[in-house]
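Sharing a structure below in structure tokens format, with a few things to ask.
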């Protein structure tokens, strides 16, 4: 019997082990995240089939649910956990080669803790516990953004920290108000009692929580930290931030809205917000000449797309949103990883310095291209099935407002396509100045990139298993009563 | 009792405003330390001795110390 | 202009929150989970201090996360201050006066002892691992102030941090194999309430937390005072 | 008087929260902003504790036999605040570390001058 | 012989080519050639078969299928045939260039995905192959590098992305309504749809197909892309890739919607077919004049591709069996002669060191006779000179227009043909006739493997021109598959009540006319050939370069019509792109860099939420 708590406890134990290990050898610490992610991946995959039938509610401490903190390992949680472990594994492997300077043991330790925080957020069934894991996620990402110790990294990190701290303050206030009204912190319990209070009075906590989580989820007016942080962090960290951190924030927000508050009335607003975030993100990305900043803004756009899909709140759309989330994780991680080594070789983040990279680093460039195509949603890459699902969901609403919004969303995709294709051209067809010799990224980094590329193509061609998992995850997210029942039974 | 509490609250808010307006950062830090200390007393009045202890030892003492150390390595006055 | 805008915006938020607070009457019993904890906390966990029974019993998982947050911050601070640091030099400052020096040396063990008392008795009296740890750290702060030039050895503090965390997680994981098959379940005998050796794993966890928090906060101060390595 | 009785703590808590936010909004100095964060945290903590308060209650500790368990204040917010305080100090420590490094790199802590990253 | 195998060979061959190229270039070339040849053999074995089969691999719960019928077969054969010739041509043309592994692999991949679009049995796999075709084409257009090629690539992919996004919406909308994407099943369901939805879907699909078929006003990507791509690939682009748009229109208009539905979508004269026909007519005229203004050999051909697309659409939108046959046959013919012409232009480019500027070429007839013959025949086909294939198809289109009583459209088509004659003549004249510039004295003839495709295509033009019955029987089967009445095709032409197309009679008439001309010329006497420098101006010999009279060809005409035939659509699109850029520039200013502002956004967001709730309580 595998318990979902292992997904958190074992990596955490390994993380606590790292200082001891690093007393012996600093470089040995870099294996720890790899081991932890492999373990988590195995556990999550083992849990997956059972969880698709019946969610596992893990009572921590063994008390009955409203009184203990419970982990809720439903399809969503386990899917996210698997995704975190998978992306975490690939990026950890990459970082083994990529991170060479500074206190590497601390880097890998913080990285592992970031993954632990993310896993905790997606598995927990308790509001305050979610806050705590969220803080683990955020604080480790503040530190990691500044890891390189350069000016821009520090600046980005400070800005991120200030906004993140304000966000978490608001979140905590919201949680406090919730506790004041319901006297409980268990998500299912709050959901259960939600009907018993005045709906107006739960709005302020909802607004606080949306604003608080929205900072980490990077929805439109709250996302100013993202381009700075993602572009200044080491590329492996940009990859995990873009691939996991903001998605986890979005998950938390959606979980709050769907399950805890059941606030269907605000969803239309979130749909608009998603479309707006998408358009603004893509517009800003279009104007960038710095490749990592461009990727960062594109993450904003993608988050907008995911939010758009999730907030439509039909089983199709939520499935599509989750699928898009997965495909964004894989693609954006791949893009950042590939861009990382290209930037490393060319010494500059400007797109113009990537000219001729197709010849200098053919495999890395190929990886970048695959990521870019996938993100734009071209078949046969993983971005296509998710885009297909989202379009289907929007059209299945059969309302002209959704069709119009879909038009804006697709306009965003078009802009995204334009700037990604521009970069791909710069890589392949523009003549680079200066050095032209071949130089491959280290084998370990290439292996990691090709794990992602292979997944992108494989899931793109054969999306059915993912689509099934995502489908039942959507059912779980939308079925509030079932959530409450299975926790409080 | 309630008058005492109200006074403490008032004092605390004044300290907070002082932290807002002081241009001498060290004074602002001390003001925020006072805020924490008064909050700690309020915690005690609210029957939360654990929290009062934690706020006093962590929020008032350690945080202030960290602030002062950090101030020593940056500059003391706002530009 | 900016201040004006800020005030208006904050006023709107204040009004909104104020409206919501009308729904949360002050000083009245609105709890439902808390009531259960008060009723059965003593029996469930064996701790006299219900806050402790919540912190290390019912919501021990939060506490694990909390310990991790502090750990993250300590490690992160070390990473931030270590990488590409301008100089590895220690700032030369004049030594403290003899009175201060002697006073510090005298007080240091006493404060340590007090901190230890606080976290060992966490399940009985107010206080616990965090408060005790903070007091322990303040002892080290005193050393930095009074006995300049002395530093804790990083190896030891790292090992303490590590072991503290490992004990916590390890105790929790043992719960999976021991009685009840729950993470962090209290499987040790609970003893008699209000005795030092009671409440099962709670004192052990609190001691571990105390050491860990002490080491981490001291490490934080150390990192900030000196640019390490 | 009854207003004070009911809301003194809330006023204090939300006063702190709003002042903290105001500091963050209008101040440019990083240390000042971090002070603002600390005040914000204190305010939130005070609010949480006030939520759990029971007018005629006692501290939730069975320090001696015969304490009426019905009159204890809610222990849960206290547990939460313990956690929140530690999280707050963690964030503050990291922020101050970053501030120190930022000062080494930029020679200033004025956030208006620290904006190499924009657009 | 199954379609799955065909697709597998095509896709696998493309990937394998890349891998083999890493081992040995010779092996790669041989394999690419073999692969292309094998595909042609396989597709010819599939002639006349008709089936539809589900693929073993589903996609998101949808069944994917492939099918084979005359429509698919017709398009597949043009794709694979031109693909083969293009590969043959590339062997020498691309020699000594960089990135050949990439080139061959992508070329074969494009062919494979085009093949996929035409054999797809459902709209989803159609879309998937379509997108694969789009991005792989994008990857090859800019192969040459240089700012122009890169601009062409981005222009193409953005237009193409617009097209595919609209198509995706259309396809998904059909899927949402009918829960199937199989083309045959949809054909049944679509009849029951509402007018609004039918129009929605039709317009969205049409945008896609009009873009890829480069009809006005979405033609702007084509001239750049075709001119900047390497010549063998330009041939593929012009000959077959562009015509995927027509395949799409066929599917949409006839295989799925059907006549009755199309007939219902009309408000007076404003019917779908009419709009399409007028778009075709505008395209013909506009493109003819634009082509006339060009001075770049490949750009002329590119614009002619735009114009010829107009003819096909005219034929298709007339929707009689004659028009249909004309349109379909014109696809085949155009594919043959435009490929030929691109091969010729490429050969000139190859031998002259990359010169495409018509002002600086000339007199190459003696140096490159094979190219001249190929070029002349190709141009004749393009113009529609009798005895070439272009004549037959254009004749069918004109005839159908006249029979349907569309004089204005017919006039537009004639006007376009006049333009074609003018620019066709310019093409031939400026390259092959006139003086030979000194620097081209030592130009060699076309290498053998490049000549092979040219000769084959030249022969085909004549063959189909003289014996139109061979291709027309296939074209007729396409027509009958789409539900048109069968034409009565004989090997020499199409006999019918309203005037018979019979190439034998034409041949006889032409022979007589030719004989008379010959007699006249003989009676007048021979012309005298003089040396190039044998001219005098005011008694002084002028250096020969000065009166290279191909410079400024048609310049009086330019002066008259030039101001009116600017490509204002292109300018408009570029302007939109520029606006987007400035909007982006403004938008990004939100992120001011000052963290106080950022926190203000957060607080403002929260306050706005609360304020709206307090004021109006919508939530």
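Just so it is clear, A, B, C, D and E label the chains in written order, and each chain counts residues from 1 on its own.
In the analysis below, contacts are C-beta pairs under 8 Å (C-beta built on N, C-alpha and C of every residue); 3 or more make two chains touch, one makes a residue touch a chain.
The model shown is predicted, which means the values in this text are computed figures rather than measured ones.
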Could you give the fewest steps needed to travel from subunit C to subunit E through chains in contact?
1
Farthest from subunit B in C-alpha centre terms, which chain would that be?
E
Max Cα-centre separation from subunit A goes to chain E
Pair exhibiting more inter-chain C-beta contacts, C-D or A-C
A-C
Chain whose Cα centroid lies nearest the overall Cα centroid
A
Taking each chain's centre as the mean position of its Cα atoms, how many Å separate subunit B from subunit C?
19
Please report how many Å separate the Cα centroid of subunit B from that of subunit D, as a whole number.
10
What is the distance, in whole Å, between the centres of subunit A and subunit D, each centre taken as the mean of its C-alpha atoms?
28
Where the centres are mean C-alpha positions, what is the separation of subunit D from subunit E, in Å?
68
Can you list the residues of subunit C that touch 2 or more other chains?
2, 6, 10, 13, 16-17, 19, 21, 24, 31, 33-35, 37, 49, 51, 59, 62, 65-66, 69, 72-73, 76-77, 80, 85, 126, 128, 130, 217, 220, 224
Multi-chain touching residues of subunit A, meaning two or more other chains, are 128, 132, 135, 139, 142-143, 146, 149-150, 154, 157-159, 162, 166, 173, 180, 183, 185, 200, 203-204, 207, 227, 284, 287
Identify all positions of subunit B at which a residue touches two or more other chains, and write them in rising order.
48-50, 54, 58, 62, 66, 69-70, 73
Chain pairs in touch?
A-C, A-D, A-E, B-C, B-D, C-D, C-E, D-E
Inside the complex, what are the residues of subunit A that reach subunit E?
158-159, 162-163, 166-167, 170, 200, 203-204, 207-208, 210-211, 214-215, 221-222, 224-225, 227, 263, 265-266, 269, 280, 283-284, 286-288, 373, 376, 378-380, 384-385, 387-389, 391-392, 395-396, 398, 406, 410, 413-415, 417-418, 421-422, 425, 428-431, 461-464, 467
Looking at the complex, which residues from subunit A come into contact with subunit D?
128, 132, 135, 139, 142-143, 146, 149-152, 154-159, 161-162, 165-166, 168-169, 172-173, 175-176, 179-180, 183, 185, 227-228, 231-232, 284, 287
Sites on subunit C touched by subunit D in the complex:
2-3, 6-7, 10, 13-14, 17-18, 21, 24-29, 31, 33-35, 37-39, 41-42, 48-51, 53-55, 59, 62-63, 65-66, 69-70, 72-74, 76-77, 80-81, 85-86, 124-126, 128, 130, 193-194, 213, 217, 220, 223-224
Under the touch definition given earlier, write down the residues of subunit C that touch subunit A in their complex.
16-17, 19-24, 30-37, 44, 57-62, 64-66, 68-69, 71-73, 75-80, 82-85, 155, 158-159, 161-166, 168-170, 172-173, 175-176, 180-186
Touching subunit A in the complex: which residues of subunit D?
17, 20-21, 24, 30, 33, 37, 40-41, 44, 47-48, 51, 74, 76-77, 80, 83-84, 87, 90-91, 94-95, 98-99, 101-102, 105-106, 114-117, 119
